[in-house]
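Following are the structures in question.
Below, chain A partners chain B and then partners chain C, in two separate complexes.
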Partner chain A sequence: MIGQIAYALPFLAQGLALTLWVSLLVVVFSLVAGVIMGVGLVYGPAPLRWVVRIFSDTIRGIPILVLIFFVYYGLPAVGLHLPSFWAAVLALTLFKTAQVIEYLRGAVGSIPKGQSEAAMAIGLTFRQRLAYVIFPQAFRRFLPPWINGVTDAVKGSALVSLLGITDLMQAINQVIGRTYEAMPLYILGALIYFAVNYALSLASRRLEKRFSFIRE
Partner chain B sequence: MSTSSKIDTPALLDVANVSKSFGSVEVLRSVSLQVARGEVVTVIGPSGSGKTTLLRCVNFLESYDSGSIRIDGKEVGFRDTGTRQRRSERDLAAMRAETGMVFQSFNLFPHLTAAGNIMLGLRKVRGKSSAEARSIAEHWLGRVGLAHKADSLPAELSGGQQQRVGIARAVAMGPKILLLDEITSALDPELVGEVLEVVRSLAEEGMTMVMVTHEMAFARDASSRIVFMADGGVSAAGPPAEILAADTDNERLRNFLARFRASHF
Partner chain C sequence: MGYALNFNLIWRHFDKLWGGLLLSLELAVISIAIGIVIGLVLAVWYVSAGRVVRTIIAAYVEFIRNVPLILLVYLVFYGLPTVVDIAYSAQTSFVATLALYSGAYLVEVFRSGLEAVPRGQIDAGKAIGLTPWQRLLHVRLPTMLRITLPALSNTFISLFKDTSVASVISVPELTYGAQWINFNTFRIVEVYLVVTAMYLLTGYALLYALRLLERWFRAAH
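Here is the complex of A and B:
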């Protein structure tokens, strides 16, 4: 069994690297898109708020697997052919963006209106109010669900194996295909996923502690 | 009226025929009010009379439907073209920096220290260096008796202390006019005095102020003029002695004062 693990590890390491790469891209893209769209949802003019609301509700109402297949198999019908890797990243990003929009809306919405007004009263512009008054306070509320979402992204990225991308999940399946030893490898795979996500939640706990000095 | 001496000097704040409705409720009905430089005007009246809304219109936290509000001759929320075209975000911010506002609920920034609250506007709006902003903040914290609390977070301060930081934050920006919106209403009675003391000393130094308040004794002693609002309009205005006289002809005012005396004395 040790031999099998030693044989499997280099494959799994490559798969893990891809899993982390996909997760990182999804997390970064969805953070940028989600924060921008979330600000649009909270502060934008009515038409923009509608667009973001419809986007978020629609995406969150679709199973992520359907979304992945839709982007990969569906979009070519309208002339958009994405390689499987980018189709997977796009689908997961759409999904995560919709979540980030809601985290942001909730976090910003929890800041009392008086904070914006006090910031207006000293002459801060909209961007300055967000940067120096609203976001620093909202960050603390945004962080816990968002980190949770990051670990979801890492786990959810296992679905890209269904498009034939050799991520950690697919690497596990391939090794099993060669060795016919399913159980040890699934356990090993589970441990690797767990190690990554546990490290993330530890990091999150430290971050939350750092920002806990803000009391209401 | 007592304002005859001020006819020649243009008013610092000129509110002219301002009306505003929230839906079908008319909260301001053609309100006019002039405040001269150095004047302290207190606005009294029953709740729902539009006092706070008027104050919020002066620095355009609220828009209004018609009329005009000018500070130093400049229209506050709309462009000077007379088209009621809203000013740009930048212009609005610049205009608001010229008026200080102190809130009933303090609204200090909880993630910043007392000094940090004061420094934010100085740095980002006035473009001061960190060191300059810090020394101005320390000066004003000293003025409100909180020099030793510069590095405390708002949560570590009492209500009265928080409100004094709120005042320091507003005046440190060097506003032309200070708006005070029921600044003692959220305070325990024993903390009201320390806040009013700060306001009084600013008044003595010639700071122009419009103050919405329920502190009648303070209105009587510290203001140059009292404005009584009822049902969204200015019902009476004049020097304290005239307005607070028990035998005023204005029935609404008489009733308001009678009820006030009954509940507070």
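Here is the complex of A and C:
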């Protein structure tokens, strides 16, 4: 049994690398899209605000799995053929973007109105207000929930195994298919996910401390 | 493009989706009921226990929270029966998994709730001569429950969405129904549009009902 599992380790490592790659892409794409849409939600004109609000509430109201299937099976039906890897990344990114929008709204909303008004009074443009006044202060509020969400991205990525993508979850299932050692491999898989996510949450706690200063 | 929407086949098989939705709700309700018991017992135990018990409870919480739900579902359904001699249906297996899963999240919710009970209330309980059990039952738990109700509602809504993972072990809940129609009729866009609407409507209706319940509870106590 030990021999079989040791034999499978390089294969599992490849799966893990894919899991991390998917998670990284999702985290980066959703950060960019979420911050842009979040700014639209807070500062945009009414129609834009409604669009972002409906997008966010819809995406957050359905299971990730349904979103993944919708994107994966639905896009080819309307003539858009994405490789399954990118379909999975797209679905997970949509899901995460909705969360980032809410983190940004919460963080920016927590900054007192007087800050914006003072910045306006000294003649800063909208971009300058965001860059020098609002974002530096909102950053501290944004960071903790966003970083907690990174482990969610790693956990959520396990669902891409259902699209036949050989991530860690799928690699484990394939090794079990060959060796019939279900329990040891699931436990090993759980420990790997645990190690990755626990390391991430430890790192996040340190980062949070680093940015928790308050400049008076 | 050139995709013409046609919902006829969805309505013909709508019983699969309707039955699936009811099963999803049932799975969520049973799981959270067991999860609440696990969460309450462990949280009360945690705040009064020594270091060993605390470490064990924290290990359970951290383990569950850092592992994907789908892996836990596989582990309990495919893994566990290979080492222990028990047989159970996919549905039972999933409920057990989701209960353990929600339990881990609820321990944290209840623990922070218990710690948020004002010291003065507990002292007041002592002053009028309540035993530790009475203080727990009549002072700490009711206050804790009021503090944690919003978090409890949110956990329930997210568990309702998590029931979709049961489809991977062929429990015929809503997502499984959607896949069945997807593979058998190929009305792909239609079925996921309908299922999305069903999850959304149910989720927001539940949220509204739970918020009403919270308000009623706050007014009554």
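Convention: the second predicted complex is superposed on the first by the 213 of 216 C-alpha atoms of A that agree within 3 Å, B and C clash if a C-alpha of one lies under 4 Å from a C-alpha of the other, contacts with A are read in each partner's own complex, and residues count from 1 in each chain.
The working rule: a residue touches a chain if its C-beta (ideal position, glycine included) is under 8 Å from a C-beta of that chain, and two chains touch if they have at least 3 such contacts.
Since we're looking at a predicted model, the values are computed, not measured.
Would you check which partner chain A:Leu162 touches, where first means chain B only, second means chain C only, and both and neither mean what they say?
Once the two structures are laid over each other on A, A:Leu162 reaches chain C alone.
Any idea whether chain B or chain C touches more of chain A?
C
Contact-wise, after the overlay, does A:Phe69 reach chain B, chain C, both or neither (first, second, both, neither)?
After superposing on A, A:Phe69 lies in contact with chain C but is clear of chain B.
After lining up the shared chain so the two structures overlap, which partner does A:Gly123 touch, if you call chain B first and chain C second: first, second, both or neither?
Only chain B is touched by A:Gly123; chain C is not.
So, does A:Ala13 touch the first partner chain B, the second partner chain C, both, or neither?
neither
For A:Ile187, is the partner it touches chain B (first), chain C (second), both, or none of the two (neither)?
second
Based on the superposed arrangement, let me know which partner A:Gln137 touches: chain B (first), chain C (second), both, or neither?
Only chain B; A:Gln137 stays clear of chain C.
Find the residues of chain A that appear in the contact set with chain B and again in the contact set with chain C.
Common interface on chain A, chain B vs chain C: nothing in common.
Quick one: which bits of chain B touch chain A in the complex? Just the residue numbers, please.
59, 61, 89-90, 93-101, 103, 105, 107-111, 120-121, 124-125, 153, 155, 169-170, 173
In the complex, go through chain A and note every residue touching chain B.
112, 114-115, 117-126, 128, 132-133, 136-137, 213-216
List the residues on chain C that touch chain A in their complex, please.
Residues 1-3, 62-63, 66-72, 74-75, 78-80, 82-83, 161-165, 167-168, 175, 178-179, 182, 186, 188-189, 192, 195-196, 199-200, 203-204.
Residues of chain A touching chain C in their complex?
The contact residues of chain A facing chain C are 58, 61-66, 69-70, 73-74, 77-79, 151, 154-159, 161-162, 169, 172-173, 176, 182-183, 185-187, 189-190, 193-194, 197-198, 201.
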